[in-house]
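Chain nomenclature is as follows: A, B and C, assigned in order of appearance, with residue numbering initiated at 1 for each chain independently.
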Amino acid sequence: MMMAGGTLPGMLAQGIAAHRGWIALALAALVLLALAPLYLSPFHVRVAQLFLLSAALAIAWSLLGGFAGYWSFGHTAFIGLGAFVAGLVETGWTWPSPALAFAVGLLAGALACALLAGLIAYPILRLRGIYFAIAMLGVAQVLGELNNSIDAFKGTMGIVLPQLAPRAVEPATFYYYLLLVAAAVTLAIGFAVKVSRLGYGLLSIREDEDTARMLGVPTERYKIQTFVLSAVLTGVLGIIYAHSLGFITAGSVYRTDFSLNMIVYALLGGMGTLIGPVIGAGIMVVLTQIVLGRLLDTHMFITGALLVILVMLAPRGIVGFVKPILARWRGGFR
Amino acid sequence: MNAPLLRVAGVTKRFRGVVAVNDVSLDVPAGSICGLIGPNGAGKSSLFNLITGYLPLTAGEIWFAGRRIDGMDTHLIAEAGIARGFQIAKPFPELSVLDNVRMGALFGRAGPRDVAAATEGALALTGLADLADRPAMTLTVGYLRRLELARAIAQRPVLLLADEPCAGLNPTETEEIVGILRQVRDRGVTILLVEHDMRAVMSVSDRIFVLDAGSKIAEGAPAEVARDPRVIAAYLGAPEAAG
Amino acid sequence: MTLILQTIVDGLVLGGLYSLAAIGFSLIFGVMNVVNLSHGIIVLIGSYLSYILWRTLGIDPLLSIPLVMVALFGFGYVYQRGLIQLAVDRSSLLASMLVTFGVALMLRNVLVLIFSPDFKSITPSWAFNFFVIGPITVDLVRISALAASLVLLCLLALVLGYTHMGRVIRATAQQDLAARLCGVNARHVYGLTFGVSAAFAGASGAILGIVLPFSPPDEAHWTINAFVVVTLGGVGSPSGALIGGLLLGLISTATSQAIGPAFPNAMMFLILVIMLLVRPAGLLGNAFSGSR
C-alpha cells in the first residue's frame, strides 16, 4: 500500500479529518464491543465472534469486490489456504510456545496467500465481470479439492491446531478479542485504502477501467496490489478462525458459503462502502444465528429467499437505501 | 522555432488489412491550438488512440516533449502530461462531478498538495462549481462535455487532446466551450482538437491538419486550408480531381 | 487397450449427459447474458419428477421425458418473466446471478424437505441388461442414455434452426436491439428461451436419473459442469455444448482412471480456469466477447 502512493500520509490525514464523525463512531463501537464479553452470555459472545469474523471478511472482500468491482466468488480459497498452511507449519515442527507457533503460522499462511494471489493476479484480473467471478470460484474449488485429496496436506484427516488461549481465559472470550483486533485492523486498512489515491483509483476502475487508464491510473498495478492485500487479510482471518475452531478439515475451511456470504454482506449493506459490509454482516449474523437458529430445516430456504428479496428490494444495499433519506433529513434541518 | 511539443512521425495503423492511419506525420508546436479535421472515418480518433497508447502502432514514431512515447503504457503517457477528452463523454457515472474532476487531479500532474486547487480550478474554469455534488449521470449533454474537459484540465496536462468537445451542442454552448479552450491554452496548455464544427475549429486553431481516409492531405493556417482544393474535394466527396 | 476403450465409452456416455445438461445454461447465457446458477437445481428437479412418475405411476423414465419437459418449460417461462427479468431490470446482471443463486438454495432446501438428502436412483426393469461388444461391456442403461441425449440435442438443433421460435431466439441472441426493432417481443423471447432451457435441463435430469444416483446437493455440481462445458465449447450453440460436454466427459473419466477418483473435479476446474485465460472464446471460438 505504501507503494500505491507516496502521498499516503498526507491523504490519510485529510481522510481522517474529513471522516471524523465516522471514526468517532467506529471507536465508540470498538469500546462497546471490547466490553461486550462482560455483559453478554457465552452464547451471545459466540454470535458476536461470528459477527466480527463475518464483518472483517466482508471488508477484506470489499477491497477488491466493492471498491474495484471485481467480484470474487472464491475468496474462501484464501481462508482455506491460510488455515492449512498455518496448521501444517504449526503442527509440523515443535515450537517452544503456542504463541510462537501461532506467530510463525500466521506469517507462513499470510505469505502463502500473498504468493498465490500474486501468482494468479496478472492473468486472472484480465478477466472481467462474471468471468473473473467464476474463475475465482474455480481457483477455490481446485485448491479445496487438492487439499482434500493429497494426503500430505491432511485435508481429509484434519489438523488439530494448538490452543492459543491461556489457561485462565475462556477460549471463546480469547478468540473474541483476537477477532476484535483483527476486525479493527482490517477496518483501519480498509479506511486507509479508501481515502488514498489507491482507493480513488480502484473506484475509477470499477466505474470504467479503460477511461481510468487514460486518466493515468496504473490499473494493472492497483488491481494486483489490492488483490494481494485482500487475499492476505482474508488468509489472516481464516487462520484465526481455524484456531478458534481448534480442528480443521478441508471441508470446514474451503466453503462455498464463505465466499458467498462475503458478497451477500457487502451487497446487503452497500457495495463499495466500508460501513456496508459491517451492517450487512450484523444483520445476517443476528438473523441466521438468533432468529433462524431454531429453524435448521429451512435455514437454506430462508437464506435463499432473503437473497432474492434483497436484490429485488434494495439493489444498492441498506446504505444506498438510507443515504437519500438521511440526506433529505439533514437538508431539512439546515 | 523550438522543437514541437508533439511529433507524430510516419505513423501507420492497420487493422487486419484495413489502413486506419496511413503514414501520418504532424508537429504540434508548444503553446498552440491545432485543429485536426477530416470526414468521418478519416482516422482522427484512431490517431488519438495511438497517441494515448490505447492502441499499438503498426509503424512510425511518436515523440512528446523530447521523449519517445509510442509503446509506453497508457497510464504512463497520461502521467507524462497528455490528457484526453473523449468524443462520447465518459464520466464515471456513479461518482459526483467533484469526484470525477478530483480523479483527474489525483492521477494527473498536480502534486499531492495541489489536488484540491487543481480540482477547484478546473471546476471554476468550466463553470461546474455549482454542480459539484451532482452525480455525473444526471448531467445534460452540454454539461457532460464540460465535465469531460474539466477532468482533463484537472490533470494539469501539458497537451490536451480534445475529441469533438462541441459535438451535439448548440451554437451558444459551442461558443462557451471554445472560450474554455482558449483560456486553457492561455494557461500554457497545448491543445490538439478534433472537431466537426468548422466555424469553431477554424476560429480557435492556430494550425490545422486535414486527414482523409487515413492520410494527411493538407496542413496550414486555417485560411489556407479552407481554400485548399484537396480539402474541399475530400469534404464534398468529389473524385480525386485536384492535385 | 481395453481399459482405454472402456474409458472412452464411459466418457462419451457421461459427456452426452453433460452436453444435454449444459445446453440450456448455454442458451440463456448466449441469449440474455444471464448466468443461471439455478440451472443445476432444474436438472435435478427433472430427475425427481421422473422419479415420482416412475415410483407412483410406474412410467418408464425414458417415456417420462416429454412430460418432464412440458412441465419444466412452463416453469422456466414463468420463472424468467416473474423473477429473473425483474432482477435484471432493477439491478445488474451480476446481481441477477445472486437471485438465481438464492432460488437454487430455496429449491434445494425444498427438495431436501420432500425427498431427504439421501441419494435416489431410478432403476427401470431393463436396467440390468447389458451387451458385450468385443472386449467392452456396455449396459443398456448407458447406451440408451447416450442415445437419448444425442437425439434430444439434435432435436434442439432442429428447433433452433428451422422453427419460427428458434429463429427468433437466435436473432435475439445475435442482435438484441435489432431484433426488438424488427418487432420481436424480447421479453417473450427471453421467457421462451428460459422455458426451452429448463425443458432440456429437465430432460437431462430424467436421463441422469437412470445412469447415476442423485441427491439435492448435487445441483452445484451440475451448474458448474454446465459452466465448464460452455467455456470449453462456446456459448449458445448445440454443437458447442456437444463438443464441450463430450470433452468434459472424456477428461473426467480419464482423470479418475489415470490420477485417481478424487481428482476429476479439480481437473475440471483447472481446465476451466486455463480455458478462461487462454481462450475465452471457447474451442469453437464464438461469443464470450464480454470476458475482457
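In the analysis below, contacts are C-beta pairs under 8 Å (C-beta built on N, C-alpha and C of every residue); 3 or more make two chains touch, one makes a residue touch a chain.
Worth saying up front: this structure is predicted, and the values here are computed from it rather than measured.
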With chains as vertices and touches as edges, which is it: line, ring, star, complete or other? line
Which chain is most remote from subunit B in terms of Cα centres? C
Starting from the mean Cα coordinates of subunit A and subunit B, work out the distance between those two points in Å. 43
Averaging only over C-alpha atoms, locate the centres of subunit A and subunit C and give their separation in whole Å. 34
Distance from the mean Cα position of subunit C to that of subunit B, given in whole angstrom: 50
Where in subunit A do residues touch two or more of the other chains? none
Residues of subunit A touching subunit B in their complex? 5-7, 10-11, 197, 200-201, 203-204, 207-208, 210-219
Across the complex, what residues on subunit A touch subunit C? 71, 123-124, 126-131, 133-135, 137-139, 141-142, 145-146, 148-149, 256, 260, 263-264, 267, 297-301, 303-308, 311-312, 315
Complex contacts: residues of subunit C adjacent to subunit A: 35, 83, 86-87, 90-99, 101-110, 112-113, 220, 224, 227, 260, 262-263, 265-266, 269-270, 272-273, 276-277, 280, 288, 290-292
Of all residues in subunit B, those that touch subunit A in their complex: 52, 54, 73-75, 78-79, 83-84, 86, 90, 92-95, 99, 102-104, 106-108, 112-113, 151, 155
